[in-house]
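The structures come next, written out as structure tokens.
After this come two complexes, each holding chain A, first together with chain B and then together with chain C.
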Partner chain A sequence: MVVSFDFGYILDVLPLLLTGLKMTVLISVTSIAVSLIIGMSGAVIRTLGIPVLSQIVVVYVDLIRNTPLLVHVFYLYFVLPALGIKLSAVAVGIIALSLWGGAFAAENFRGGTDAVPHAMIESGQALGMSTWQIVRFIMIPLGFRISFPAFSNTAVSVIKNSAYMTSIGVAELTFMAMDRIAYDFKTYEMLATIAVIYLILIWGTSYLFRIIERKLDYKTKTTKGGGINGGIIQKLKFSPRRAD
Partner chain B sequence: MSTSQPKLSIRNLQKQYGTNVILRGVDIDVYAKEVIVIIGPSGSGKSTLLRCINGLETINGGEVYIDDQKIVHTPQAIQKVRQRIGMVFQSYNLFPHMTVMENLLLAPVKVQGRSKTEVLPQARILLDQVGLLDKEDSYPAQLSGGQQQRVAIARSLVMNPEVLLFDEVTSALDPERVRDVLDVMKDLAARGTTMLIVTHEMGFGRDVGDRIIFMDQGVIVEQGPPEQVFGNPQEERTRQFLRNAM
Partner chain C sequence: MEVLSKNLNFLLDGLINTLLLSLSCLGIALVLGILAGVLQTSNHKALSLTMRGYAELFRGLPILITLFLVFFLLPELGVHVNSYISAMIALSLWSSANISVAVRGAIQSIPKAQTEASVALGLSTVQTMRYVILPQAVRRMLPSVIGLMSNLIQSTSLSVLIGNQDFLKSVQLVIERVELMEGLSVASQMYTLVLAVYFVICFPLSMLAKRLERSYR
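Presenting the complex of A and B:
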């Protein structure tokens, strides 16, 4: 079978796909931000072992991680209205992705907050800090830095998983493409184009996260570190960022 | 020795982990401006003693008083006490994600509620005192162990503590760096800082201590002025320890 590939068509539909991309970016960025908050709160709750809340976090994380995202989406979109809660498709998309990302982020960050050396916590205690101050100024910032690489994986997955929202008609990138295919039957062109758009988006995001990771990392380096990051330390040392 | 009221009073202090008894009734009075050096073999309970004073360890018996006030271990009370009793650790424990200056400012500003503009000049004076004024924007990872330990000392001092506890602060340092830290501590002693120093540096202890306490197996075996404990120890256990240590 000979496949004809119409490049001109891609240019024609590009504006349409870009509106879809905008929606993809909107729900992804919002969900990543909420995941971060859910994840960090969950991690702190579990690391501190706060009764009741800890158990709630464990159940939440297990529930989300052991069921498919698509089931969460359908549940929120089709079951909640029966219980009197009617949400827009976009809202469901953001909530589902946030809950999904939050569960994974909670595990990511727990790895980080658990890895904060006990000596750091004692050091805060010896300075008269309260538990909350130790959490706020030591455990969260240090735990965040330690677990940021793991969290960036979760964040990238949130972007990829936003394509599931096609199933409930959120006008994101995949939906726009599938919808248009139904009119024009330019399946190959369309799928190839969105694949490239996703690739650029996710590559770009990963690159951004790597930059952030490196900026965060130099502060956490120990005296024994050095190595290839030595150069970065030197460069960042004179960067404009100042404490106050 | 002064007959006035002690700054810190430790009475019959007992500590155990399960069946493992660490402190078997320790009594010490620390007077203002006094420098007490605690020596003894590993496992004798020296570090645990310091950690019981500022509540990093719970105690199983006895009391600790600061200015005649009994130290109680409720979170709020112990947080107040810790602002009055500074502690410097063997492993420095600077916050790695903060610059030297941020390390110094954190507790005075957040815990004591002082303004940054008030603390900043004091922090700079202290950094100067420990010889690291040019490092205020460095991160701990960029400093040597000895430099980090001197920052840690400045971080304790900026809280204006009434007593400072030093827990083997030179044990993790290479010999060349030890002196820088000891010099800072000598300087503090000369300024009349009240200190309890747990150390393996016998020469330093002899120089700087007003009183030497030798501990073994959770009790004070012998104590007295440095000339006596180092020069003419009364107990066989002390003599044996010093023979091996010096």
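Presenting the complex of A and C:
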């Protein structure tokens, strides 16, 4: 039987859920930022084909992408203490999510850094730029813009996957809700509420990313036969803003 | 090693649970996902919007929340299912939503001229879909479906949190048992084993997906 929906109860627990939401946002944003750094570094290392480092990145990316995040979380939380490394649940959450997001972001960004036209890198060399300068001023900015749509999917997944941290007791949204259900047994109201909160958070973030994507996008409308490369060169030659 | 051989059958049961769960989810999700994907491209506005809403809903919700929703709310609706079936339902919802989007994309990537040609030949809408569009679309969505399969196998580990005894759970039980009975911790070895087993299953799938994707481009 379906119990009647108790709206008053939702208002009562909303402050509690908002503290959980704050934690969800905190670990998500931190992890997205760290995975951006990991991902970009990994992508540049692979595109440049730096020996040893490149292989390490490949192993890291394949390992993380082909094993469940939940196992990473348990590994960090239950195995590391045995090796003498004690981390708080929040720290484990952020590290696990960052490593996970970083592996996916590395793949995302590699699509972008690989697509940077070779002519531009050669131009950089001709201008006497050092490798670091080429990376800093050509590969990263262009690669980022090209692969931002792919990365934004990863970033949204990081937010969704922050719910995994319930399993080790991080006081994020899902945990707060499940914890409270154990007291009040208002399962129906509580789950519906957090589902709505998650949807607002995730759809909202996706929408925001789509706006940014549109601002960064310069590959959909290129000149004839331009493709991605032609689009970039076109864009750089002419004004940064398109008339349409 | 001794722990491993003693508990081998127990661990294998868990692994079979994981694989069965993933395969049955994939089966259900393929049927539902293709249906939903085709309906998303239908000209019937209300129908296609509903199906898009379905896809957006279950792609938007974290899998864990879908899992909890199914596990805790079905009993309130009078449907009593165990954690295995709950996990199956929740993961099928999630993966069918993902497949439907892949199907929609694949269908829309088939040139319009083919539909028009089928109409000119006198094929009905269903026949056009069945004999002309879908056979081509299926080939195009294959890489993403295989990628999803790897993702699905990994996601079944979440069913541990509602008490399904899959591979991860049986490993945890072995760790606990050894700790209680013999007072020694095998957590690091056992969790490394978990990583290795998942990797051995999922890595070939990912590689296959990547290779197919490249060959279709």
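We adopt the following convention: the second predicted complex is superposed on the first by the 216 of 244 C-alpha atoms of A that agree within 3 Å, B and C clash if a C-alpha of one lies under 4 Å from a C-alpha of the other, contacts with A are read in each partner's own complex, and residues count from 1 in each chain.
Just so we're on the same page, a contact is a pair of C-beta atoms (placed from the backbone, for glycine too) under 8 Å apart; a residue touches a chain by one contact, two chains touch by 3 or more.
Just so it is clear, the model here is predicted, and its values are computed rather than measured.
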item	value
Partner chain(s) touched by A:210 [first = chain B, second = chain C, both, neither]	neither
Contacts of A:127 with chain B and chain C, given as first, second, both or neither	first
Touching partner for A:198 - first (chain B), second (chain C), both, neither	second
Which of chain B and chain C A:161 touches, first, second, both or neither	second
Contacts of A:142 with chain B and chain C, given as first, second, both or neither	first
Touched partner set for A:119, first chain B, second chain C, both or neither	first
Residue contacts with chain A in the superposition, chain B compared against chain C	C
Contacts of A:187 with chain B and chain C, given as first, second, both or neither	second
Partner chain in contact with A:67 - chain B first, chain C second, else both or neither	second
Doubly contacted residues of chain A, that is, touched by chain B and again by chain C	none
Residues of chain A defined as touching chain B within the complex	119-120, 122-123, 125-131, 133, 137-138, 141-142, 145, 218-223, 225, 233, 237, 242-244
Chain A partner contacts - residues on chain B that touch it in the complex	54-56, 75, 79-83, 86-87, 89, 91, 93-99, 101-102, 106-107, 110-112, 116, 137-145, 148, 155-156, 159
For the chain A and chain C complex, residues of the former touching the latter	1-3, 62-63, 65-71, 74-75, 78-79, 82-83, 160-164, 166-167, 174, 178, 181, 187-188, 191, 194-195, 198-199, 202-203, 206
List of chain C residues in touch with chain A within their complex	56-57, 60-65, 68-69, 72-73, 76-78, 150, 154-155, 157-158, 160-161, 168, 172, 185, 187-188, 191-192, 194-195, 198-199, 202-203, 206
